[in-house]
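After this come two complexes, each holding subunit A, first together with subunit B and then together with subunit C.
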Partner chain A sequence: MQFFPVAQSREPQKNEADFPRKLKDRLVIVLFLLPALVLFITFVIYPIFRSIYFSTFNWKGFGPAVDYVGLDNYRKILTDTVFLKAIKNVLIIITLSLGLQLPLALILAVMVGRDLPGRSVFRTIFFLPYVLSEVNTAIMWMLLYNADPERGFLNAIMTLLGLQPVAWLADMNIVIYAIFFTLTWKYFGFHMLLYLTGLQNIPKEIEEAARIDGANAVQNFFRITLPLLSSTLKTSVYMSILGSIQQFIIVWVMTRGGPVNASETMATYMYRYGFVRFQLGYGSAVAIIMFLFCMIFSLLYQALTRKPDYLTGL
Partner chain B sequence: MTRKIFSLISVLLVAALFLTACGAAAAAEPAAEAPAAEEAEAPAEAPAEKVTVTWWHISTKDPALSDWQKMADDYMAAHPNVNIEITVLENEAFKTKLTTVMQSGEVPDIFQSWGGGTLKEQIDAGLLKDITADLDADGGAWRDTFAPGALAVFSADGKNYGVPWDMGMVGWWYNKDLFAQAGITKTPTTWTEFLEDVQLLKDAGITPISLGEGDTWTGMHIWSYLATRIGGEAAFTAAADRSGSFADPAFVQAGVELKKLIDMKPFQDGFLGANHDEMQATFGNGKAAMELSGQWAPSVQRANAADGVGVANLGMFNFPAVEGGAGDVTDVIGGGNGFAIGKDAEPEAVDFVKYLTSKENQTIIAASGTGIPVVKGAEAGLTDPNLLLVQQSFAAANYFQLYYDQLLPSAMGGIINDSVQKLFAGTATPEEVAAEIEAGAKEQF
Partner chain C sequence: MASVTFDHVVKKFGDVLAVNDLSFTIDDKEFLVLVGPSGCGKTTALRCLAGLEEITSGTIKIGDQVVNDIPPKDRDIAMVFQSYALYPHMTVFENMAFGLKLRKMPKEEIQKRVDAAAKTLEIQNLLNRKPRELSGGQRQRVAVGRAIVREPKVFLFDEPLSNLDAKLRVQTRKEITKLHNSLKTTFIYVTHDQVEAMTMGTRIAVINHGVLQQVDTPQTLYDSPANQFVAGFIGSPSMNFFQAKISKSDGKLFVVTDSFKLEIPKEKNKVYGPYDGKKVIFGIRPEDIYNPEFPSTGIKAAPVECKVDLLELMGDEIYVYLMSGSHDLVARVDPRSKYTLGSKVQMAFDMSKFHIFDIEQNPENPIAIR
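Moving on, here comes the complex of A and B:
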């Protein structure tokens, strides 16, 4: 737990000034932190408080906010069926991500983590979608999902197979799943990479020892690999859930939260009010609610997952 | 674990330092520019005081981009004391950035505007300059050059705060070949005829209408046209000034008539999720017989068509009249572009706008197909037959209705667009849609 082990080894050298060593160290730390801290306060902390202030006004963004409405915006948001629909959609995305996307990433990580021929090629291919920008991804999938079989790749295949074409993004019952598929395609590579790093940190000896003791591959995976991967899994689940709560770009580009709010997420709801309808006070209130969601989740998650890390013993 | 955290923190710190560096550089740039500009013109010893005019526009593509730049350069050459600083922004970025600077009360001298509700909000916040006197100077010399309907879009309570440079309208674009294939010999003039033609097209196995309802405003235009045909100017004016209501019979009836059309299933598959580009692509590829769209339609169709050419035999007709409706078949719904004048604009800025909207410059805009000119005589520059069609329809109109979602405050526009979409999705009745819009209006006005 020593941050500056080097400093200690130089202890014998006499201090030039009678400056207490510890204080000097602290000063250095503070100085190094200062630029980041200033930026953090200006661009994160201050805007949050500014948003809280604006969220109590009915404000359109022109001139100063004067029409004070108290907590009215919050009351409206939390009783708006569209916002509740957005929360439901976020929960759908979270459930599917944890149930399908992350297991898929884990399976692939275990597969390409082995000494298979051409595994680096697969690793690159799987990671590629994550490198692509969100907007590119969304536009590409809009083209693939196009309802016209002559232009949409997926529907072209469906017609080839003798199936009816599906209006993926136009059907209010399907659209959220179509978007989830795109999200999975985009993000599974990232989680796979996290798992790969985690897998590399597991000492080979432990698995070998288990194998010698007669554990088969399945036992090895569930009894050795998975528990030792727990800290990576924690990070991955955390990022997946936070990402789902904040999901915006792909949804907005592909459907604008439509048709008729069928694929609305909290972030598209915020954007709709903040920057389409320019009700910036209302939009700020949505942002604050999202912020609270994320913060409460983070704190709860931290508290609930504080289990021993087998590898470092922390 | 500790080491991981430590390296993570170092990375963050380095990133933060980079950010500070970028921020500082960006901040330093304009500061460095300003003295340089002053130095450059000091030897010129211009008698007139140096004036800087800031101009934000959204024409990110040629020919408009170069045309605007050339006009500014020409003006600066003729007026050495005026320095015109142009900021070109993409449409959405422009709206966001404009809102941000307006919050601080710093308004560009000249900026892109669509008039209507947003302009009204800017006027109410005291951010715009009243240029009525400039328009009326010399016996209204400048004012008289404009088409009155177009100029009115940039005014409120009899005062002008901007001028138009392009004004168009929405109408039904149709594929003449597909109409002939379905045996339709003349374009419909009444809503009943229109619905009959839709049926004829369906019977011939042709998708009658291309629609991109994922972008909500595309379908809203059909609804607002029906409301204009049924209720006329009076219904909308009453609803907007709150002596009437958006739940009035005209608006409910518009929904009922629209529902008749929707129930015939005249749109392409997946229209509910399609965006505006996809709508133009479907029509441009000859996969649908009609679309309700504005003066931009021919060029956007071409851009989105697979062959890059679009529909060979393209025509346009006015939105048909609804039997018994108060509105006239020549009334048009449209809108266009203009220049709004910021509150701190110097007289030079107004003079420059006068230059931009001169007949010569308007002819350039017309000739390049950038827009439909609003200054009398400049339409001679129009060479595109499709734009001429729009210009003629527009010129023949007795009543000009600005787009609902532009005339009304942006919040109201959003509510109308989102509510009407429910009709297309079949999740609300015409009465419910009208009631929802009225509920929004009660809150917004």
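Moving on, here comes the complex of A and C:
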């Protein structure tokens, strides 16, 4: 009686079948990768190189690009005070995000992560803004920020409190902070959710062990929770910075980068030149600069934070 | 060093009663084992003592101090968790030093204590490693080390051996017992493994459904279980139980089941006489059932007809699974015994070692009649 007929019949063929089988395995891998590779090359790699090509031309987008200008577009962009202002604005958004938005998200995550009654309700409420579309968010906040106290909710409250109404989106000194507030409202729920997932991965006993070892709530948070949350924090910071560099829709809908470029970001600058003024060569150069910023940041960030996760060792 | 007192402690999770009116005292320097099946409330009781759970009512005292409202860090206890709960981002040294650093102990003293503990536990060469670089056994040692350096009044162990393989478990069991002997501190140890309980504890508290069943020395627990639960829980394989009746005829007392009738030795007539005609549970441990060819000296053998159902050879003994009428039972017999599956055999019950439990008064958990 044969208990393992399959194993026995395979045994003699093993050596002969070895080489073709490896080849077959490779072929299968290639076949499976092919569709994704074709799409990736067509819609990601090719446009990047095409943009690099166009960025060296003074080109309006109509007809063939013939007016070759070399690196002239790049020189102009990097010396344009409006673009430098856009970089400054992006840096302001990044700084405020890391300094205010992420800590807020973390505090809320710690609060709703506990076994408190009604926490799932709060979790849902905090996450709702992230579900809302960016255009809706922008329009809603434009209404809230309306300078007329009769129409704008915030100014109505200011007037009720006996304060002067503020032109939130028209004041060059305030607009970028007003936009940052909207961005925070929109995105903190996403980061909170990331932190919640991270917190759930920390075994309860580790924090209990620290409590017995003598740690109070603050020591427990800074010495145990925060270090164990580090890989989640890394992801969250990474996404926040990349998101800030690429921020477009909310700014464009609310202010179009105005007034007088006061809320310009790199993305609105690119869009203005590429698709409003139809200087597609110049716009392409802006896009390439943004791409380089993102790539250099990504590579540096990955290199600097390449430490295995404490909990998983990965 | 301190004693620990549970005084009418109740712990509820919503409507679920996890610990039900627990009262007992653990003496200073004692090694007490809390044992019971999964979900019996033993770990909850330990966590209440640690301060990780608030008790619903009652009092817990460490020494003379009521600790109900004292946070874990101020109870002067140390705990070894089932999962070890080492801090994954710290080295072994930092893990052990963490509690001392929080207590602002001078660096030299920390170094001294960690070194001493590492030497005791033979983990000196691991001090710079992170927990994930350690094996299960090594992690377990670090967890014990983290508790030792604190020099607490009371050590708490929550099933610390359950993640180790069988061989390491036996070895670590011995080491923890030795540790208790050398530290001379109160140890409270939770386990579901009755072998651990029997081998380690100076006393054992058996808990079931949140209720304390019996607290006594291992030998007393084994020889004189207070009720059927304790009798069945302590000992492996478990005690055999039979529905029975006490009956008197010709001035002799008998225990009668539907498949056998055994005479109760005269000296026990006084104890069981009043139960004449009453339903009881008759219990006998597997090692008190003999192969008549190899009886121990001094036993009061009573023959019972059985059918051999299954044999488990253990090397130094044989577990014989038998049927007597419709009853299953198991006997631990001499390894020289020769049995054939399905054959009819006569076993010898040692009637000087049996137990009788009163099922009429407490049908849920019959109490031992003595």
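Here, the second predicted complex is superposed on the first by the 284 of 314 C-alpha atoms of A that agree within 3 Å, B and C clash if a C-alpha of one lies under 4 Å from a C-alpha of the other, contacts with A are read in each partner's own complex, and residues count from 1 in each chain.
As a convention for this text, contacts are C-beta pairs under 8 Å (C-beta built on N, C-alpha and C of every residue); 3 or more make two chains touch, one makes a residue touch a chain.
A quick note: this is a predicted structure, and the numbers were derived from the prediction, not measured.
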Following the superposition defined at the top, how do subunit B and subunit C come out on subunit A, clash or fit?
fit
So, A:Val237: does it touch subunit B (first), subunit C (second), both, or neither?
neither
Touch test for A:Ile249: subunit B only (first), subunit C only (second), both, or neither?
neither
For A:Leu193, is the partner it touches subunit B (first), subunit C (second), both, or none of the two (neither)?
neither
Is A:Glu208 touching the first partner subunit B, the second partner subunit C, both, or neither of them?
second
Rounded to a multiple of 10, tell me what angle the C-alpha centres of subunit B and subunit C make at the one for subunit A, in degrees.
150
Which partner chains sit in contact with A:Gln219 here, subunit B, subunit C, both or neither? Use first/second/both/neither.
second
Mind telling me which of the two, subunit B or subunit C, contacts the most residues of subunit A?
B
Name the contact category of A:Cys294: first (subunit B only), second (subunit C only), both, or neither.
neither
Contacts for A:Leu228 in the overlay, against subunit B (first) and subunit C (second): which applies, first, second, both or neither?
second
Shortest CA-CA distance in Å separating subunit B from subunit C in the superposed model
14
Return the residues of subunit A at which the contacts from subunit B and from subunit C coincide.
none
Contact set on subunit B toward subunit A in their complex:
1-2, 6, 12-13, 16-17, 19-20, 95-96, 99, 102-103, 105, 121-122, 124-127, 213-216, 268-275, 278, 281-282, 287, 306, 409-411, 413-415, 418, 421-422, 424-425, 427
Provide the residue numbers of subunit A that touch subunit C in the complex, in ascending order.
203, 205-206, 208-216, 219, 223-224, 227-228, 230, 310-311, 313
Touching residues of subunit C toward subunit A in the complex: what are they?
50-52, 71-73, 75, 77-79, 81-83, 85-89, 98-99, 102-103, 130, 132, 146, 150
If you look only at subunit A, which of its residues touch subunit B in the complex?
1, 3, 32-33, 35-36, 38-40, 60-63, 142, 146-148, 150-151, 165, 167-172, 175, 231, 255-256, 258-260, 272, 275-280, 309, 312, 314
